[in-house]
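Here come two complexes built around chain A, the first alongside chain B, the second alongside chain C.
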Partner chain A sequence: MNDHETPLAANIEESREKLKHFLHDCSDASMYHFRIGEQLPGMFVFFSGLTHEDRMDELRKEMAGWSFHEDNGSLQEQFQYRVAGVCSEEISSMEELVDHISSGSVILLVDGIDRGYAFSLAEWRKRAIEDPAAESVIRGPREGFTESMVDNRAMLRRRLRSQKLKMRGIEVGRLTKSHITIAYIEGLAAPELVKEVEDRIGMIEIDGVLESGTIEEYIEDEPYSPFPQMLCTERPDAAAAGLLEGRIVILTDNTPMALIAPVSLFSLLQSPEDYYERFLIATAIRWLRYSFFFIALLVPSGYVALLTYHHEMVPSALLLSIAKSRESIPFPALMEAFMMETMFEALREAGVRLPKQVGAAVSIVGALVIGQAATSAGLVSSPMVMVVAITGIASFLLPHYSVGISIRLLRFPMMLLAGIFGLLGLLMGIIGITIHLCSLRSFGLPYLSPIAPMMVGEWTDVVMRPPAWLPRKRPRLTKSGGSWRSKPGMHVSKLHRKQE
Partner chain B sequence: MLNGKISSFQLAIIMFQFVLSSTVLLMPSITTRLSEKDMWLTPLIGMAVGYLVVWLAYQLFKLSPEGSVVRLMESLFGTYLGKAVSILFIAFQFHIVSISIRDYAEFIESNFFLKTPIVVIIGTMLILCGWAVRRGFEVIARTGQIFVPIITLFTLLILVLLIPELNPHHLLPLLERGPAPVLQGSLVVDGWFSQLLLAVYILPLVRDKNNIKKWGFWCVTGITFVMVASNLAVFMLVGESAGYYTYPVLMAARYIAYAEFFEHLEAIVMMVWVLGEYIKISVYYYAITRGISDTFRLQKPEAIVMPVGLLLLFVCFWVGPDFQTVSTFIANIGTSYILIGFVVFPMLLCGLALLRNWFKGLGTSAK
Partner chain C sequence: MTIPMRYLIRAAASIAAIALLTGCWDRIEVNDIAIILGAGIDQEENNKVKLSVEIYLPAPDNNESGGGQEGMDSGSKNGNILVSSAIGSSMADAMSKLQKRLSRRLYWGHNNVYVFGKERAERGFNDDLDFFLRYVRARERTNIYVTQGKAIDTMGVIPRLDQNLMEALTELSKTEVSIDVDLKTVMEQIVETPEQTYTVPYILTSAVMSEKKHLRNANVPYFRGLTIFKKGRMIGSLDNELTHGYFWITNQIKASTILTAAVAKDETVAVNLTASKSKLIPKIDSSGEWRMELIIECEGNLIQNASRMDYSVPEQLTEIEDLFEAMIKKNVDKSLNVIQQKYKSDILGYSRLFRRKYPKQWAAAKPEWSETFLRIKTDTSVNFQIRRPGALVKQINNIPME
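On to the complex of A and B.
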């Protein structure tokens, strides 16, 4: 007990007064008086809603049934002897008491003893494990993280039944005292990385952490970048896959969003489902995603550049049909593109924030406004509508929302550059983004690895989704980098051949 | 900015594009003017100088105390004279790179953006390069690893798409006028190869020092291959009239037309040119910044990136009142000028250092 902490009182009436003072205006704090063994006055202190009250009642009944004999010493001594086998911890100060009851424990105070006894009966209402809403898959496990740290940790442990899965706990937030868990696999994750993550989280000084986003913002390498430097997932299987690759998973209390670090841009363009689907199909889908990554970024600006400065580069038939539809449009291409893209973003945002019933209405109205009315009113050309629609779809194709949104954001400066400098501006934008991406790091891992810096050995997981039986080495970022993840030459067809 | 380490492979990739960026567009026309039918042989002869310069840069790096060529100059000529020589060498680089930048801007302006002020074209490029330089050579090397494959792929794509139009008979007879014109043309090619010496400022950053020579030689070989390929393609396409065009490859790209849709590939040429020049200017920019900060022992080289960029912008206009003057300079004395700066001067340095070491060796053995 420190000097500045308030000690507990021995007298139960005194404790009561002290508690009332300490917990004034905490209307959810409850005190429950009873007698232990019909002689010793005792009192349960807890926050209602955080504890399992039925079990507390059972405990009370059991204690009420305890009998004390006068020849075995004082009541207090006898009680202390018996309670030691039941309680989980002894406490000695008011602050400790508040700590315990706010995490769901029940504290028993007894007349004549200046100590409290904690019973962990934490139990509160929580959401059941459900389908992850933001990352749905067709093939793959259907459970997602929940708001409960205990459940989330259990979901990870269930997938990695090894003592090598380590979970370090840290408390962050002066008032929220949120529990943060740093999970990693010993022997796979580089120890320096684990220490770095722990140090960075340890340095956070803040009143409250309500979501993993706060943690992410505090510990990321480059705060001014539009690109996410950590992968945020609510899928335990994705988190487990990250752990198996030697990455680190950061779980935050009261949110289903887990952070995976370090990541590269390419891991942000992969979905956990890639690994459950047949590898040829998954590889094709990966390429589709890569190409649509560029489409989302470049199509509107490319369209603006071509129509504003480089008519000669558009094949004449196509140019004619575009020119025909743009005949009556009163706006220059840049303005048209800006208007439509902004409108699209507004619709998307409205659709996300609104309740589901209204959301449908918004998308219908939006589709009508953007698609039909604007073109027939002669305000927007139909090729422009197509461009906006294609980029919209392309940005939704990216499996992680955070990458999609950064690409959508970068689209606007790119359009501006294209509108001012044409293709040259577009190239300048591309060079600029590349310089930025090349200088970006996520916990020391270059953001564009393994392409730049080039690590040819790790290309298999970028240019294709390697088949599971393909002998693969562990990524170089891990402690045991270079060792085999799967034994070479173990595909069934080869084994059969050997037997013959 | 000075601490990012790179691998020798990354350096080779960067230097590959560093030399090629302006060659593919400009060289076919210049070499045709000098060597006519045998212009495609010029890179094959010129590559000897490429190997020499790579070797020279590596020797200089090995002879230099702490790998810094500026320190070598200071130890050879004394501190103050050495600094002066270093500044002179940097001024020479300023001159060469500003001609390059001017070249780039003139190409963009005369072919694509006739009305855009040239200062805007130069300024935007310098801002980007300055940003990359501030981030360190590591970042330039990584952007190189992304851009160089794209550039090379598209260059070769244009050449491959030209194949149906090519006529090998343009090349015959071989060595019609004897070897003299070929040698003359190869001197111009040497002017490009000699710029590889700039690697001497970057070599201290290389992590795997053992592979420098190997990758350096591969780099020169790769450059020669692309040079020969583009020279051959251009000459087989248009014959001796290649000499009349300033940018024969751009003209060649206009020849390509497949399925009435795949045509007008100038945009690709522009992309290749802009990305290539970005790498070339960044390397020069970095070398200059590093040279200055080494000469004056600056603690924070980042601080002079912006001033150097501004100076580069001015020098681009100081090199000549108009592009005609600059072209005349390049055509007449440009080659000997660049060869003196990037081959003769380093050879002198290297020779002096070797001599001094030899004398020192004599001195110690006499004792």
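On to the complex of A and C.
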């Protein structure tokens, strides 16, 4: 017990007064008086709604039935002897008491003893495990993380039934005291990395952590970068896959979002479903995604550059039809593109924030704004509508929202560059982004790895989705990097044939 | 980072200001340009030149605006071309004069066709080529044509099938009807041949227009063979038949060409070429005589048989093939004769072949190449094979009774 902590009083009436003072204006704090063995006055202290009150009642009934014999010593001694087998922890200060009851425990205070007994009866209403809404898959598990840390940890443990899955707990936030769990696989994750993550989280000084985003912002390497340096997922299977690759998963209390670190750009362009689908199809989809990554970034700016400076590069017939549709458009191409892209972003944002009932209205208006009506009103040309629509779809093709939104953001400076300097500007932008990506690191892992720095051995997982039976080495970032992840052998069907 | 944030912000702000304050100063919107689809160059009096351009009018379609306005030209597709021309002492002068009349900047980047009037071609158009090759926006891969009359007459003509005549010409040049000759090819020929000899497709202008304004007369072919240029001037032309011979010699005959041979009176056989290869082998024999060996190997499929000949009989098949071989040889020899004796211009590329194989002798003969060229004997051998009879094996008149 530290000096600045308030000790508990031995007298129950005194304790009651002290508690009232300590928990004043906490209308959800409850005290429940009763007598243990019909003799010893006791009191349960808890926050209503956080505890399983039925079980507390059972406990009270049981304790009320305890009988004490005078020749076995004082009541207090006899009580302490018996309660030691029931309670989970003994506490001695008011602060500890508050800590316990706010995490759902029940504290029993007894007359004549200056200690409290904590019973873990935490139980509160929580959301059921549901389909992850933001990362849906066609093939793959349908459960997503929930707000409950206990459930989330269980979901990970269920997938990795090994004592090697370690989960370290840290508490962050002066007032919220949020539980953070750092999960990793011993022997796979590099210990320095685990320590680094733990240190970074430990250094956070903040009043409250309400979502993993706060943690992410505090511990990421480059706060000014538009690119996410941690993968945020609500899929336990994705988190487990990350763990198996030697990454670290950070679970935050009260949020269904887990953080995976370190990540490279390529892992952000992959979806967990890639690994569930047949590998040829998954490879094709992966390439589709890569190409649309560039489309999302470059098409509007490329269009602006071509139309304002490099008419030669447009095929003749296309230029003629663009010229025809642009004839009555009052704005320069850059303005037009900027207007339309802004409009699209606004619509997207409105669609995300609005209640579902109003959503239909937004989509109808949206179809008018980016569509035929805008063209017939003479505000935008129809090729521009196409460009905006294509880039819109392209940015949604990226499986992680945070990457999509950073690409969508970068589109605007790119358009500006293209409008000012043409293709030269576009190239400047691309070079700038590439330099930034090359210098970016996520917990020491180069963001463009394994392309830059070049690790040819790990390219298989970038240029294609390797078949599961293909012998694969563990990524080099892990502790046991380079060791075989799947046994170098043959596909099962071939083994079978050999046996015959 | 040791640089304080405020300096970084200041630097970023000034860079942004420098970039943004200029605005898009050299931007040219699509709305600001007059897209030239084709250009015609004519000779005028006092050695002046007349430049006519076909400009695309980007008027939105009537059906797109959807309004009840009455269309200007009864909804015909041909309303989207404007022809404008100007006369100047040179191409550049003519262009600047033309520019003064137009509210939009002339844009050569998508020009596909230069048409020269016959008069201009006979005077020589090297000055004009200098302009086109020097002017940055103009493309080197622009096709060149010479037309019978005035180039301006070919401007603004609607060929019905295509959007404009220029498109029709470039499309046709890709087929067996004619050949692609662009600025680049002409330049290469000027550099490579001793006497600047080259050919340019020749457009047939007579009766180009139908009685209806701007519509092309559908019953007239587009081309009338090739024109021959020597030392920068047009010195004559080959008609369609001679052009065909020229194609055979220079390996420019295209598959899908249809050949018809007469077996006897009113009896013809037609063959669709599927492959053809002509090979020229230069030779200087011991007596110092320059010779050229021409080997033509081609094959085709029978597409019509209106004769007694039976494809299924090997002897008769050989007979048909011989017929075609003789026809091709005759065609080639006739063209050779005209090219060598009448025009004395080496448009066949003989000089290049001799230069490669006999550089020394060629260097000696170079100053009087024309003289050497017309004395070169060409031995033609043709090998023609008909591979497939088509779906009908027998000919209809000879189908045996069941």
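Operating definition for what follows: the second predicted complex is superposed on the first by the 499 of 500 C-alpha atoms of A that agree within 3 Å, B and C clash if a C-alpha of one lies under 4 Å from a C-alpha of the other, contacts with A are read in each partner's own complex, and residues count from 1 in each chain.
Here, a residue touches a chain if its C-beta (ideal position, glycine included) is under 8 Å from a C-beta of that chain, and two chains touch if they have at least 3 such contacts.
Please read these numbers as outputs of a predicted model, since none were measured by experiment.
Contacts of A:E312 after superposition: both chain B and chain C are touched. Of the two partner chains placed by the overlay, only chain C lies in contact with A:L334; chain B stays clear of it. In the superposed pair of complexes, A:I322 makes contact with chain C only, with no contact to chain B. When the two complexes are overlaid on their common chain A, residue A:L156 makes contact with neither chain B nor chain C.
Once the two complexes are overlaid on the shared chain, A:L75 sits clear of chain B and of chain C alike. The residues of chain A shared by its contacts with chain B and with chain C are 309, 312, 421. In the complex of the two chains, the chain C residues touching chain A come out as 19-20, 22-24, 26-31, 33, 35, 56, 58-61, 65-66, 80, 107, 109-110, 112, 137, 139.
Touching chain B in their complex are the following residues of chain A: 309-310, 312-313, 315, 317-318, 421-425, 427-428, 431-432, 434-435, 438-439, 446, 448, 451-454.
Of all residues in chain A, those touching chain C in their complex are 307-309, 311-312, 316, 319-320, 322-329, 332-334, 376, 416, 419-421. Per the touch definition, chain B reaches chain A in the complex via residues 7, 9-10, 108, 112-113, 116, 120-121, 124-125, 128, 131-132, 135-136, 139, 141-147, 260-261, 263-264, 266-267, 270-271, 274-275, 278.
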